[in-house]
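There are structures below to look over.
Both of the next two complexes hold subunit A, though its partner changes from subunit B to subunit C.
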Partner chain A sequence: MSLKAPPSPASSRGRGGQPARPAPRSRGGLARLGPLPWIAPVVLLILAVVVWPVIELIRTSFLNISIAGIVRGSAGTDKYRKLFEESDFGHVILWTVLWTVVVVGVTMLVSLGLAQLFNQRFPGRRITRWALIAPWAASVLMTAIGFKWMLNQTAGVLNTLMLDLGIIDKSEDWLGSASTAWPWMMFVAVFVSLPFTTYTLLAGLQTIPGEVYEAARIDGAGPWQTYRGITLPLLRPAFLVGVVINLINVFNSFPIIWAMTQGGPGSDTATTTVFMYKLKETDLAESAAMSVVNFAMVVVLVLIFLKVSRWNEED
Partner chain B sequence: MATATPTAGTGPVKEGSAGSARGPARKPGRTFRPRTLVLTAVAWLLAALFLAPYLEMIVTALRPADELRDRTYLPDKLDWANFVDVWRESSLGDNLQVTLLVAGGSTILVLLVSLPAAYYTARMRFKGRKWFLLLVLVTQMFQPTALLVGLYREFYQLDMLNSVWTLILTNAAFNLAFAVWILTAYIGSIPQELEEAAMVDGTSRFGAMIKVTLPLALPGVVTAVIFTFISAWNEFVMGLTLSTEPESQPLTVGINNFIGAYTVQWNYLFAASVVAIVPVIILFAFIERHVVSGLTAGSVK
Partner chain C sequence: MNKRAVAAGAAVLAMALSVTACGGDSGGSGDKNTIKLVAADYGDKKSNASKIYWDSVVKDFEKQNKDIKVEVQVINWNDIDKQVKTMIQSGNVPDLLQTGGYADKVADDLLYKADEVLSPKTRENLIPSFAKAGEVDGTQYGIPWVSSTRVLFYNKKVFKEAGIKNPPKTWDELAEAAEKIKKSKAADTPYALPLGPEEAQGESMMWQLGNGGGYTDGGGKYTIDSKANVDTFKWLQDNLVKPGLTYSNPATTDRKTAFADFAAGKAGMLNGHPSLIQMAKEGKVDYGVTTIPGKDGPLKSTLGVADWMMAFKDGGKQKQIKKFLDFVYSKKMLKFDEMYNFMPVTKDALETMQSSGKHKDLQPFFDELENAKFYPLGDPSWDVVSAEIKKTGGKAAKEDPKKVLGDLQKKAQEAAANTK
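Let's look at the complex of A and B:
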């Protein structure tokens, strides 16, 4: 699932309006230790499971390491050179960028429409909204496997449907070649990203006060004018959150491609994360080098995110 | 889609204005205005489309083996035995057990460590608070996929591959941020005076947290619990990398292994998938509203 989100960097005023107070100094026991007993477990877990692997990752990328995991000394920057010289490296990077931009772009556009629709009142709104969350709750891997089956050449229901509708003349092996596999995998990636994004935009829409629309109506603004002039600008924070979270998720998206094509044929349908996983089978250190490159790209995304969420204004 | 006057459903709408089909005050005669009718039709159609892949999985799970290659939308007869056979004839039972342990264990761990941290962060202003929040935020941005090789190397050196504890720890760590945030937001919204009253009566701060604050923050706790559980339940990449022996892999990996087989037994595969998917969709429906507010609090205000 997906949502690496930026919930409230703990508003220090609490919603009830009380200011957070300094820790009372007079109390004994726990209080004297300050925040440590309260936050140390979280920090320790993060250090052990997130920070350590980051260090290990960088270290490994400079090592010579056998498949069995035995370290055979330093490799300097050889692994990076080897990685950059891989014949597939260029197009893997290119496709990763394309994949991310296309999937996030389409997701945002479609979600704008969906949010607008599901924000209206109509019979069964609650039930239809529940249907919408299915791809969010279900494992992305299972959804991808489901699509792999539906695209099956022999008996896939999507092939059957397209044959019956006359869209295709003969059953196709959609995932067999990169040119048809990419659009389908992008479709699945959009499909699983829509619920979260739509809900984020719905939450954004709900923060827009009704009076604003009332005022626009009195001023004689048309529907499209209202949407462009009022809804879109006021929706900007929610929209940005959606973009950044989707960027990170889609960029890291591994299960969809792994389940549907395993990056094949060759590495024709691999993004950097899939390529990294394939390299892991042959050369762990080179795979680590790919991860570091990957990681650097994620850091750029995170920096953008921090700028967008303006976390440091909160405290 | 994207139709006009997006007022309805958002907030307090006091007076009915012409031009939108909204609200309880709607007069019977106006119920089926064409616009509402189109909206409703489109929304229901979309809802069906969103469910369609999962319905097809259920249909496939019920297909008898000899109808798998038929180009039909529905099988002639339903084979309920698939649901029983798949657990008997494969090692998926072990995988389901691993998944239950990992999802349950990491949920408990997340709650145990995030609750005190969220409480303290919501109530106190302390040195390093900003750094603590930044650390948690940044964790959330680094997904396991990006760190796979590092995770593998770490747990290889600790000789902890194929261990359920490894998956509990890793799943907990990568789900901490959400829990810390939503709990902080909930606890922050509970008046501090309630605790102070209890503390005047001689209860410790920890006691006040457990007896006074926790019950009031229950919606947030439930949301954090269900969300963590679902996300650990669905986790795939870490299970794939950190568990190499089939019987110590979680259900997602076990199901994925079906695809590697020479002939894929799709009916069995989906009989297992349905078991993996349906419970979490139902669970998710319970927390749908809270998740979004938790996710977007702070950024969408």
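Let's look at the complex of A and C:
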């Protein structure tokens, strides 16, 4: 598997040496700008909607802003200190890591199985494949609110169901305390992440040529051996894409937690993103500081991705 | 060369931005004769939305004052403070704001003093205890809008089924009554204790007052983790939460859930304000009210809550604002109070309501008014502290109250130091 392509002739266009095509000198000034006129709007858009807000965010995190919304001058690094001294901070970071790892891990495992299943021929495959899209097509917020009500202590259908099945002996307030709210929110997060991941893996599975399997069969490899020796390694690019996109999605996931518990009680069920939003109610600058920390963590995630994808190339 | 590309791109971008900007505010902010009013929505359905009230007020006002226009924006309680903050930050400051707190804006010197925007006659008409609660360091900025006091509501049918003869007067009697309700299965939730983010600061204070506690001492210093307050939450834990006589997770249960449960006959008793009267009636709940029990006897002073009107200096529309406020406070107070069953903050409206005979069900609330205790509203740091209590205060009913309240006390002290 090598994604490294030899430099294409097109990319060395116009550079001195061997003119592959006649140089478009005759078209004058605009051409000399190269691709700039075409990408400039996009670059500007990125500057305006990505870079500028980030700068503004970092600037805000060093300001002292009153609760009414008035800037009262610089705060130095006070807001960062305040953030790191929050009694909930360590706990929130720990749960953010757990949340991300568990949700992505379970999603990948279940999706591997599902993708394998959907790669088989069976009657009704088309319908079940369509059905899998449903959690993806529905708005995440809507799904989360749906589960919130299904888990409601007095009126929730899931409570009634579990009660009737004898799984629990009295109605539970699932989302009221952290110990039961986390597993349920993780469940919902996995539920909404499955379709995308499964389809990514399914696409990966379908790129594996049949001959490889045939060869394995002739060599007498068992199913488990085939899976570990052929399917998994060949699935790696798709798998990596799935992991990375899910990592970023789940890490940033806000609607599920906000709709189901609002991070409560206190900040017991908050990830850093939710915590940042809650801080906004009392101190905007501290919330910005949390955002900067969040941003740094995402950058680290992306760097890890770049590293890992290079590892993928070199294989 | 690069410059040209940048310029072209910038032009495109500027056009895009200006087009979207045009869609928003349709100007008028520079017009001295247009007052922008932002108000909270007290309604719980379309038919009693506050927008209806304000629209009719504005219509009548504009009829009498042809030169002044009033733009009204009504925002629901969950969002109003956030949105106002955004308005202030972006320089789009309203001229009048009606919401829950005012002192944070005083700290930033944003508001007119009350006597700058109210005629002497209107000012004298305000009930003195409320006018006083609108003061920061002896100067009144907050103009009271509506008020309420809190009492204990109980479901008479549930009490009868459980064999409770008299409504509780002390904490022990309350716990005993709750126990009886639980045993007889007369209601799902014997006592509804809503310590969720919606109004944790209110329910907490009602209990703390019963033990001689509260948020501040006589000198205005925060005493959130005082022994009286910690003991209050210990009592709640041991006598209501652990024995299952209330919600299993009070810290995540909001007041609206508790009110809805009571109105549906699912809760035996709870602390409530006058809006619950209407809800209970609609739910056909035969309710009774009594003074909130304290540790050793009924509260001598219950929690009084007031919402506020305030005028911003930013637009420089002092004269216009004064005209509008005088109009509203002299002619339209009663209408709002009657619309939502609130208690008035002006003397004439109070007299009318008490003497008209139409509001007998509010009498127990009026009786409590005289001795009511307020949040430390005049403290500019209160808004931050209140927000912190809303977030985590409820956890004191399940975790170690000393730690939860201790954390809050630390944050309150920091906030107080920051606003000085």
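Operating definition for what follows: the second predicted complex is superposed on the first by the 274 of 315 C-alpha atoms of A that agree within 3 Å, B and C clash if a C-alpha of one lies under 4 Å from a C-alpha of the other, contacts with A are read in each partner's own complex, and residues count from 1 in each chain.
Definition applied: contacts are C-beta pairs under 8 Å (C-beta built on N, C-alpha and C of every residue); 3 or more make two chains touch, one makes a residue touch a chain.
Since the structure is predicted, the reported quantities are computational estimates derived from the model, not experimental observations.
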* To do: Based on the superposed arrangement, let me know which partner A:132 touches: subunit B (first), subunit C (second), both, or neither?
  => first
Quiz item: Touching A:69 in the superposition: subunit B (first), subunit C (second), both, neither?
Solution: both
- prompt: Looking at the overlay, what does A:261 touch: subunit B (first), subunit C (second), both, or neither?
  reply: second
Between subunit B and subunit C, whom does A:176 touch in the aligned arrangement: first, second, both, or neither? second
(Q) After the superposition on A, what does A:154 contact: first (subunit B), second (subunit C), both or neither? (A) both
The answer to whether subunit B or subunit C touches more of subunit A is B
In the superposed arrangement, which partner chain does A:300 touch: subunit B (first), subunit C (second), both, or neither? neither
Request  = Give one of first, second, both or neither to describe whether A:37 is in contact with subunit B, with subunit C, with both, or with none.
outcome  = both
Message = By the touch definition at the top of the document, which applies to A:45: first (subunit B), second (subunit C), both, or neither?
response = both
The intersection of the subunit A residues contacting subunit B with those contacting subunit C is 29, 37, 41, 43, 45, 48, 69, 154, 280, 284
Listed in rising order, the residues of subunit C that touch subunit A in the complex are 1-2, 4-6, 8-10, 12-13, 17, 81-82, 84-89, 104-105, 107-108, 110, 188, 196-197, 247-249, 251-253, 266, 383-384, 387-388, 391-392, 394-395, 398, 407, 414, 418-419
Subunit A residues touching subunit C in their complex are 29, 32-33, 36-37, 40-41, 43-45, 48, 64-70, 72, 82, 87, 153-154, 173, 175-177, 261-262, 264-268, 278, 280-284
